[in-house]
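The structures considered in this document are given below.
After this come two complexes, each holding chain A, first together with chain B and then together with chain C.
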Partner chain A sequence: MKKITWNSLTTRNPALFAAILLVLVIVINAIVQPNLLAIDTLNGNMRVFLPLILLAVGQTFVMICGGIDISVGGIVSIVNTILATQVGLNGSIEQLWKFVLISLVAGLLAGAINGFFIAILRLQPIITTYATGFLYAGFALFLLPNPGGGIPRAAADAYRTTTPLGIPLAFYIIAVILLLWWFLRSTKYGRYLYAVGGNAQAAYQTAVPVTWVIFSTYVISGVMAAFAGIAITLLSGSGNAEIGNAMTLTAITAVVIGGTALSGGVGGVAGPIMGAVTMGLIQNIISFSNVNTWWETLVKASIIVVALAAPGVINLFGRRKS
Partner chain B sequence: MKKFRISPPVAAIILAVVLFLLSGLLPNGYGSDVDVAISQATNIVRLAVFLGVIAAGQTLVIISGYEGIDLSAGSVVTLTAILTYVIVSGENAMVIPALLVAIAVGALVGFINGLGITFLKISPLVMTLGMSGVVTGAIIVINHGNVSGKIAPIMTRVIARPVAPNIPIPGAVVIWLLFGLFMWALLERTTFGKNLFAIGTNRVTAKLSGVNVTWTNIGAYALAGALTGFGGFLVVGNTGVVFIALGQPFLFPAIAAVAVGGTLLSGGKGSYWGTMAGAIVLTLITSLLTTMQMGESVRRMVLGATLLALISLYGRQKSFRQ
Partner chain C sequence: MNVSLSARNIVKRYGGVVALSDGNLDVQSGEVLALIGANGSGKSTLSKVINGVVVLDGGQLLLNDKPVQFSSPQAAKEMGISIVFQELSLIPLMTIADNIWLTREPTKGLGLVDRKIIEKKTLELLSLFEGTYETVLSPDTVVADLPPDEKQIVEILKAISFDPEVIILDEATASLDSRQVQRLFELVETWKKAGKAIIFVSHRMEEIFRIADKYTVLRNGFTVGSGEIKDVTENDLVKLMIDKESVLDFTRDTYDEETMNQKPVCLEVNDLKTEVLAGVSFKVREGELLGLGGLQGQGQRELLLALFGDIPFKGEVRFLDESVHFRHPRQAMKKGLALVPGDRNREGLLYIRSILENLLLPSWRKYGLPLKMKKSISDANQVAASLNLKMAGLQEPVSSLSGGNAQKVVIGKWLMRSPQLLLLDDPTKGVDVGTKGEFYTLLTKLCAEGKTILFYSSDDEELLGLCDRVLVLHDGKIRSELIGDDLNKESLVSASLGVTNGGES
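Let's turn to the complex of A and B:
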């Protein structure tokens, strides 16, 4: 029998490290904040993490295929400004649903624009989505130059308090995502994703429709960003054209902590979800452990760097020993 | 059939000249006044110096390939600018020590980036993003909301003012030309430069031809950090004030300048002349949009669209069908 090493384990289960890390931060968080697992606290935390989770899941598709999408923050902002300006605090729930649909179409279109330039014109993903991100962020600012507007109070309340069967709404959404992913993985499309991310040229030669697979990942990322935008609007209840800016890079970090390599070909959806929750809990731990405000950013960033470095350090020592 | 091609740096310069000539036709442009036109052009080049110097490090790590990128550059600029400001405190004698500290601190951050990327195999984007957070955290700790310091008169004299009363060339431009010469020599006339292109093209062949891939890669990040530190020194010499968000706005424009200058984001090909041309084009477009009194939203959208158009011209990767 082959010896089981850390390296072989993490190659087969990229999310293993994310799972260990998640358990670790949950334990630490439960120590500094004893009521962490109470249903109210859990619901409060999960509804704050949900936008990042959705964004990270969309990013994962792009990254499995070997690309990157840094325009997602702009898409989140567009959706937020559409909802906040078009529905308004006094809008009806029907109106909200209508513009939720329009937001999803907007996300789909934005993703299709990215996909067109990257998959069809073959431009480099990072600089292309940087440029389109500027376009989207500019458009969001055009829709809503100053923070304001909002959505009906009832909708924000529903997002805050809905806990079917006593379980927070976010868990149902995560379950749906995992089910869909589990189904998708076993389809032809699922295999195409990994084939393109592993070696696009080889995939092309074995008749994988590489262009359309890459195109589809950006569309998925755009739609998931729209969902994230809807979630964060329900969370904040108001509009701000800069709301998505800071989310892009946090989502990418969450995906990487979740075990998806930027070079493509590996990873899954469970890892990024755990990664996003981990990122949120790290922030929680810092808020609850009375770190001096001035030191907060440094402590948080250092924890993230250590988390990113840990798999590499383990591999380094593993190699030394053998 | 042979395709007609212009090299990207030349294309960028032609674009800059055409845009500048067209800008004279604007209602509040320089019209037919040659003196005003010259002083406007000088001013744009002077502003481009800072972006150009900060983009130098980015050029190095992007040439080094394998998704090489330095997202910590923005925070390193802020950190070194603040350090310069504090160390100099208005004394001419302290300028050289401050310059050395700025370069050394930048090199240290870059060195840590390089270690993480090579030994721990963390993807450059995520490693430098993590370090950016750590550096920002360090800035907040050092800064504590406000810093006391002052730049020295000699810095203003050398960086911000013209070389001599009767020669209207700003000192910064002369520094930039010398800097460009240094970068050219580094990339084209040293072993390190040759090795850098070699590891950017293909690490396996580079290793087989006797290039020390690991240390060339670490060297690229350390040197990039040092150059960015120098950039921070220049920026504070020009502005004379420091604040926490000083460097961040330079980050993505610097990457864009490298891309516009024709350096392949996939590595192995590029030049600093191209980056200089790219920095001028980007500064020109930004200042034109300001002259045209466009709102922030329109400005962002036009900048994004221009960038997309530019990279569509020559940023395309090989098609799968050959």
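Let's turn to the complex of A and C:
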């Protein structure tokens, strides 16, 4: 039989490294913050992590197909500003629902614009979404030049406190995402995703509709970014046109930690979800270990760099031996 | 079920290069047609045209005597035409089952892929080659984990999985072992009985005579002969494949084995092995121009790359009486080796950078810090002039040059280091006739100066005209060594195809 190597394990289970890292981070976090697993803390944490989780899930589709979408932060900002300016602190819940739908359509359109440039005009994904990202961020600033506005108090409270059967809302959403993913992965579309990311030329010769598969991943990414924008608006309760800026690269990092290669063809949704939670917990650990604020970014970045480098280092030792 | 496929006067151009000028073939139900031709004769192009991967520029395809046009692989597939690609159309990280059924996954309710049916059907297909696998193949095995022969089998199974009417096997046996070939041929017999038409593209004469009923020979993009296999011999086919009129006329000094044997040995290779090479041993003496021949992809490229330290290898290499084992091209460069790689634009040049930068890339170290630009420019100009490089100026990007002139830059950058041993990987590919002539003069001159050259070419004429001695590689081994009178077109082609051990004395 074949011997089991780190490489073969991670090829079969791309999320393996994310799972190990997640456990490690939970243990460390529990040491610095003993009440981590108390239901209130859990709910508090998970509702903060949810926007990033949603963003990472959308990004996963794009990256499995071999692309990248760095415009998602801009889409988050657009959605946030739409909700904050159009619904307002005194708006009705019906109004909120209406603009939630409009936000989703906006996300879909933004994704379709990306998809049009990349799948149909065949432009470079990284440059295209970098440029459209500015477009979206600029549009958000146009809608809301100064931080302000908001959503009805009741909606923000509901997001904060809804824990059906005592389990935080975020877990239900994650469960739905995972169910949908497992369903999707077992359809033709799921096969096409991996085929296009794995070898687009061979996929074309086998008559896979390569263009439309690529197009669809950007639309999915756009819609998931809109969901993330809705979540972060419910979390913050107010509007800020720059709210999404920092989220893009964090989400991409979460996907990479989650075992989805930038080169495409491998990965899944479970890994990036764990990756996103890990990213959030790292932030937690830093807050609780009383790191000087000035050092925070440096410490956080160092942890992330080590986490990203670990699989590469393990593989390097594997190569040396053979 | 009766099917017939004909190609009439097919023309295909890639840019300015005519790959196919007049391609014709006919094949019918229950027949195996062998499509034969030397390297670059247009075989692959013709099969790609039939399969819709490339769109033809002229001529007509007839399916059951009705004109058809395929604008995509999908269109050809719907008409029941299937191809086994030589370069494989598999997704490495997907499983065998997923690859075989890609785009034709059976589904159950809600659009879910029916894994059970797929697994059952895949097992049925895999059982066709039962007993020829090294490993236990299951439908869930990831394709990337398979050895090349089993990948090829998966590719074959993928092509037949939708029960096509016309099957094209493009060099499908190249990576199979004899048991697997035997099994494939048994399958071909059953396909014939079932009324399918089969086009068999192969270099292996022995296989052609075992399996084919008819043949069509291509030469330089033209169909030059076709008929029944039973009416011809191997030698007849080889003669058809050979171009009688040689485009170029070379002059070379008569080979004097005596004087050559007195010269010191430049390079001695003993039992060199890589993933592709199965133990290669030979000697080259100083000032010798040693040719490497054979079909494409028989290990010539790997041999050159291994000697240059670009890919790992096992075995003993002695260079100028010193045992060496290069692990990085830099080590090889320091000892005085130079490699002109096969893919000029990708491996040999910084395509969008200037001619100057490209010429000086391996030599910048000599020019100090800060770089002595004046000296570097004058040196570059000197090399450019000696090579008769036609350019608008040293600052122009390499991409502005023609193929032949770009290749001169690749050679020029190594000449600036005055190497002792040049490794050339098909240097005249895509080079115009005039420049080819200049190369030949240059190579002969370099040898006269005492440099040693190891020269692989896919053009047999070149090897015959230029080289004193040619090693013919086949399946990662040296099949025969041709010297003196044995070095002629017929023996070279026969040895390449593995017809005989022609020329081995």
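In this section, the second predicted complex is superposed on the first by the 321 of 322 C-alpha atoms of A that agree within 3 Å, B and C clash if a C-alpha of one lies under 4 Å from a C-alpha of the other, contacts with A are read in each partner's own complex, and residues count from 1 in each chain.
One rule holds for everything that comes next: contacts are C-beta pairs under 8 Å (C-beta built on N, C-alpha and C of every residue); 3 or more make two chains touch, one makes a residue touch a chain.
What you see is a predicted model, and the numbers here were worked out from it, not measured in a lab.
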| query | According to the contact criterion defined above, which of chain B and chain C contacts more residues of chain A? | reply | B
| Regarding the shared-chain residue A:Tyr204, is it in contact with chain B (first), chain C (second), both, or neither? | both
| message | With both complexes overlaid on chain A, does A:Ala301 touch chain B (first), chain C (second), both or neither? | response | first
| In the superposed arrangement, which partner chain does A:Val266 touch: chain B (first), chain C (second), both, or neither? | second
| Which of chain B and chain C A:Asn90 touches, first, second, both or neither | neither
| query | Is A:Asn146 contacted by the first partner chain B, the second partner chain C, both or neither? | reply | neither
| task | Report for A:Ile126: first if it touches chain B alone, second if chain C alone, otherwise both or neither. | result | first
| query | Counting only touches as set out at the top, which of chain B and chain C does A:Arg191 meet: first, second, both, neither? | reply | second
| Does the superposition put A:Asn290 against chain B (first), chain C (second), both, or neither? | neither
| message | I'd like to check the shared interface: which positions of chain A are touched by both chain B and chain C across the two complexes? | response | 201, 204
| query | Which of the residues in chain C come into contact with chain A in the complex? | reply | 53, 72-74, 77, 85, 88-94, 98, 102-103, 105, 107, 110-113, 115, 142, 144-145, 158
| remark: Within their complex, chain A touches chain C through residues 2, 8, 11-12, 183, 186-188, 190-192, 194-195, 198-199, 201-208, 265-266
| task | Please give the residue numbers of chain A that touch chain B in the complex, ascending. | result | 68, 117, 121-124, 126-128, 130-142, 145, 200-201, 204, 210-211, 241, 249, 252-253, 256, 261-263, 294-302, 304-305, 308-309, 311-313, 315-316
| What residues of chain B sit close enough to touch chain A in their complex? | 67, 69, 71, 116, 119-123, 125-127, 129-134, 136-138, 140-141, 144, 252, 255-256, 259, 265-266, 295-305, 307-308, 311-312, 315-321
